[in-house]
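Naming follows writing order (A, B, C and D), and every chain is counted from residue 1.
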Amino acid sequence: MKYIKQSVMVLAATVFLVSAFKANDNVGKGSPKEENIPAAKKYWPNGAQLVISVSMQFETGGQPEGAESPFSNTPLPKGQPDLPAESWYRYGGNEGIYRMLDVWKKYNIKVTSHVVGTAAEKYPEIAKAIANGGHEIAAHGISWDNQWNKNYNEELQFVKQGVDAVKKITGQKAVGYNCNWLRRSPNTLKVLQDLGFLYHIDDLSHDEPFITKVKGKNFVVIPYTLRNNDIVNIEGKHWSPDQFLAQLKFEFDRLYEEGATKRRMMSISFHDRIGGTPAMVHAMEEFIKYTKEKQGVVFMRKDDIAKMVMNDPDTPVDNSEAIFNN
Amino acid sequence: MKYIKQSVMVLAATVFLVSAFKANDNVGKGSPKEENIPAAKKYWPNGAQLVISVSMQFETGGQPEGAESPFSNTPLPKGQPDLPAESWYRYGGNEGIYRMLDVWKKYNIKVTSHVVGTAAEKYPEIAKAIANGGHEIAAHGISWDNQWNKNYNEELQFVKQGVDAVKKITGQKAVGYNCNWLRRSPNTLKVLQDLGFLYHIDDLSHDEPFITKVKGKNFVVIPYTLRNNDIVNIEGKHWSPDQFLAQLKFEFDRLYEEGATKRRMMSISFHDRIGGTPAMVHAMEEFIKYTKEKQGVVFMRKDDIAKMVMNDPDTPVDNSEAIFNN
Amino acid sequence: MKYIKQSVMVLAATVFLVSAFKANDNVGKGSPKEENIPAAKKYWPNGAQLVISVSMQFETGGQPEGAESPFSNTPLPKGQPDLPAESWYRYGGNEGIYRMLDVWKKYNIKVTSHVVGTAAEKYPEIAKAIANGGHEIAAHGISWDNQWNKNYNEELQFVKQGVDAVKKITGQKAVGYNCNWLRRSPNTLKVLQDLGFLYHIDDLSHDEPFITKVKGKNFVVIPYTLRNNDIVNIEGKHWSPDQFLAQLKFEFDRLYEEGATKRRMMSISFHDRIGGTPAMVHAMEEFIKYTKEKQGVVFMRKDDIAKMVMNDPDTPVDNSEAIFNN
Amino acid sequence: MKYIKQSVMVLAATVFLVSAFKANDNVGKGSPKEENIPAAKKYWPNGAQLVISVSMQFETGGQPEGAESPFSNTPLPKGQPDLPAESWYRYGGNEGIYRMLDVWKKYNIKVTSHVVGTAAEKYPEIAKAIANGGHEIAAHGISWDNQWNKNYNEELQFVKQGVDAVKKITGQKAVGYNCNWLRRSPNTLKVLQDLGFLYHIDDLSHDEPFITKVKGKNFVVIPYTLRNNDIVNIEGKHWSPDQFLAQLKFEFDRLYEEGATKRRMMSISFHDRIGGTPAMVHAMEEFIKYTKEKQGVVFMRKDDIAKMVMNDPDTPVDNSEAIFNN
């Protein structure tokens, strides 16, 4: 039953994506020498040369006291409200998500939004706005908390509560997962499989999606990124937004070229309060325009990618973590 | 009485600003296709598409022993004078403020200067020069000290002494407030309202001014910035001035575009000893020139903004901190 | 015997390099005024104006628990697997080395690969791919571990085991050495000489290879770099790849110019999981193209350099560490 | 006697500088509209619009065990030689100083070299090469050590030994001083005056030289810089050399413009092992070329500046540290 249902979804996704690909194609330079027909052999089921997937983390409102902020290096005594830090977080809800939604809409891009359960409960209208924009609602835990140190049952509850809370608000049941700071426990993939997830993203080992076997069944890994990640580079490495834009372009140039001879995927990550600032959204828009100069670039939600590759024989299998997943 | 007086001031401010706007308009590209008349619907009372407000912190001379400087990471024993660090601070008074005043004058820009009381007492001629340049004198505490840990009466005295000390020197009574490192106590807004302030800036949650209710009455919040802030980016994140300029341009590009469909404001912050260096003032001048290529960009003092938006029904209300302000 | 064999190798290397030089020459701007004949006096045995040597460290799979990664600043309890960190390392094996091999092949560049013994044992197919690409297999210890604190015998075993393990897989016996974080013990050069090595790279004191006497015999030092080093600049200094490219160009511009009047060498270092990312390989490719605009630029393996300079009377001798090497 | 001698030196310096200025002038754009005659009123005795002074610190060989290096964040046990760190320092002697001397010579620039006594003793040929290039030999202490914590006699000996050691090697008696990390003791200026010094540079408070009274007599302060300082920006802030170049240009653009209406000076600091790398010297050369596009830019030694301004009535007096200098 499950496989049949998936196949139908894969088919539907493919149809959608092929049409998205065609729409994108028309944005190309339009030189009469450049044909709108994809090259004979492409490495994605949809014939794209490069698939780009954006993660838009919605976490604001879910942060614990003392959560990482521009003020957290000089923490206040426990119980003392850190008012500017809280206002910094609220920015993600007031401005950040909506600004990003605007740019995704302008360019008809669908992204994957990793939603912390308590963030959606605090700002249900934001969670709904994301879902209503046609974006994927993926899970990110019920709260902003370590996951690697939970036992199996605790972890299952932690994930399930997050899925349920967000589904109640948005109507979407998550099939993709992102752990707090990527730090899975050894049980995480089993937990996810038990809860009906199709994929997770907390892996940095490839530039393309792959299959890993969990209790013998296919589970998709869509690689995440630290390289094109706003929190890592802007808050952690102290890059300016023009550096972030340069990074995106360099990364794109190489992956696009490689896409001519193998399956390649580019992952980008934006968090509400960081990637949602004016300068970062401007950088992203400049990047989107840059990608439009090439043929065969497709922006996709991660659930659509997962469905597309899960049963594709060209998808590589990597069981590096078999010790935990048998 | 208070409201009547405020209305007159709002009117006066509007007249001033409309004329400032017109003056700015003439600086536009002057293409015959670009009209000098603002579009039918703009989102500021003065018809501007984007309001930019610069904060110029004057703190030098008020710094305590061991205050943050390029030398403070390797502190000297208590009581040992840190002579190069002190000379680094004096730069703000000798060169920094005057250099910035020159550039504001050249481009007819009025800024808001947050003045530490003891800094004005140490360098009264600088405080007077700022006031005489037509800039707003705003309050920043009597001294360079934590405010979040004071009780109500201590805090009221701390703020009032600062206002009085600076008024005695400049003749201007502050109506706007900026806390040390933005760190308000839960009582700060009540303290400010009791002392007749119109607005504060220690909030990062919006890209436009808003109203918050304090004991039932309107109090204006003019958002501050860490993004376009010299101390955060130059001293904290170790950006070079060309990165700072790139950030300003990226931020401007996005906010200006958004200004066509909603009210938007851009905040920039310069501190005497950091933003007042030659390279940073050069970056700022390049940025000012960049903004002149667009229609409807207005640089404003924050008190003028506060008066303009306080009774404007289009100004949003945000009571996120109602728990502290009732 | 040894010297005769070496002389033959020097001869062979020279022939190879002169032909490489000629091939490179044809890539020059081709203006009729620019002659393809090297200037009368050049400072390398092969007549090049600048020799560039790339180090490609292959370490992934050899890292100990808690090894430096984007996650190691917040370490997990001992024994808890750090799954995203492990996946970050696997990237070097899955993507990084192969991507770099592609670009070396495209431009017919031969590099020196410093291979950790346990990395080669974990990924023998990668070690073989490097060797099969015509690159030098150099030694980097049997495992990823401190070397400066070992006694003579321990150190000799540590180095020898690494050489033997990699030779068994690749068929190449290393003649060049790179210590963990460059940190040699006072005995390292004697150990290396005893094991038949020709050169080491853990020295930053010159921009050209030199001879140092070890127990009275010539030992070559090929200077390494922190300046053009991916791990130092990208992970340590938090540069973006466009900064790395700018650094390479600035460095090249100066060294190339100096190469007209003295022997100059440029060293570049890439590690599997860092230099092997798309943006960094793009930066490297842009740099390679940039060097092609000049005459007489030759990319060389370090063993070929060592053989070329070891018995060249123009090679400088520096015995700064004589106290340890007598 | 002393004053007469000084006057003669001032005269001589002026003659030298006027001729240097003229020589520089010819490098200008040469448009027929641009006259080679300085504007009617300039603010330097020599009619220049901007004076630039480079400090070239020669410290290598004088560093203590564990001195700041790319390796010092992970220190080795006391007594264990840190071989790569030592080789990093030797670079300053082997390559750095000579490379900088080449570029100063190419553009006929005379700089001020702050020489640590033990560095000159270790590398006398380098100290001589600097002096023979026509550069100023200034003092930097007998060794690389804290000065702020010495008592009057200790400090006097520390300074005097440095002067004597370097004079013995170079024949030049220093008249200018630079403390370790700029950290003077309260007695430093008295010590320097007692030893016949004319100026010190450990002050960041102005963008022009000034007079401070020491025991009633004029003492010159030539402002130093952290802004255009290689060790602060490259090693401390982790800038890439292209950022350093951008900083120099921004700084220059503003100070040059200000030089039309007041006396302005730009200070740049390069250390042997940091500023002497190929990429940094390339950045410096690009900057020098950039300054040549303007009229009236003069590079000067600091002793020449000190002599020029010491008895000039236009030189400002700043007695901010009077409490220590009476």
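By definition in this document, a residue touches a chain if its C-beta (ideal position, glycine included) is under 8 Å from a C-beta of that chain, and two chains touch if they have at least 3 such contacts.
Keep in mind that what you see is a predicted model, and the values were worked out from it rather than measured.
The chains that touch subunit A as well as subunit D are B, C. Any chain bridging subunit A and subunit C, meaning touching each of them, is missing here; the list is empty. Distance between Cα centroids is largest for the pairing of subunit A with D. The two sequence copies subunit C and subunit D touch through a face in which the numbers common to both fall below half of the numbers used overall.
In the Cα superposition of subunit A onto subunit B, the rotation angle, rounded to steps of 5, is 90 degrees.
If you average the CA atoms of subunit B and of subunit D, the two centres end up 37 Å from each other.
Subunit C has its Cα centroid 52 Å from the Cα centroid of subunit B.
Multi-chain contact residues of subunit C (touching two or more other chains): 238, 243.
Of all possible chain pairs, those that touch are A-B, A-C, B-D, C-D. Those residues of subunit A that touch subunit C in the shared complex are 148-149, 181-184, 186, 202-207, 226-227, 232-233, 236-239, 243-244, 246-247, 250-251, 253-255, 258, 266, 318, 320-321, 324. Taken in their complex, subunit B has these residues touching subunit D: 70-71, 74, 76, 80-84, 86-88, 90-91, 94-95, 99, 238, 240-243, 277-283, 285.
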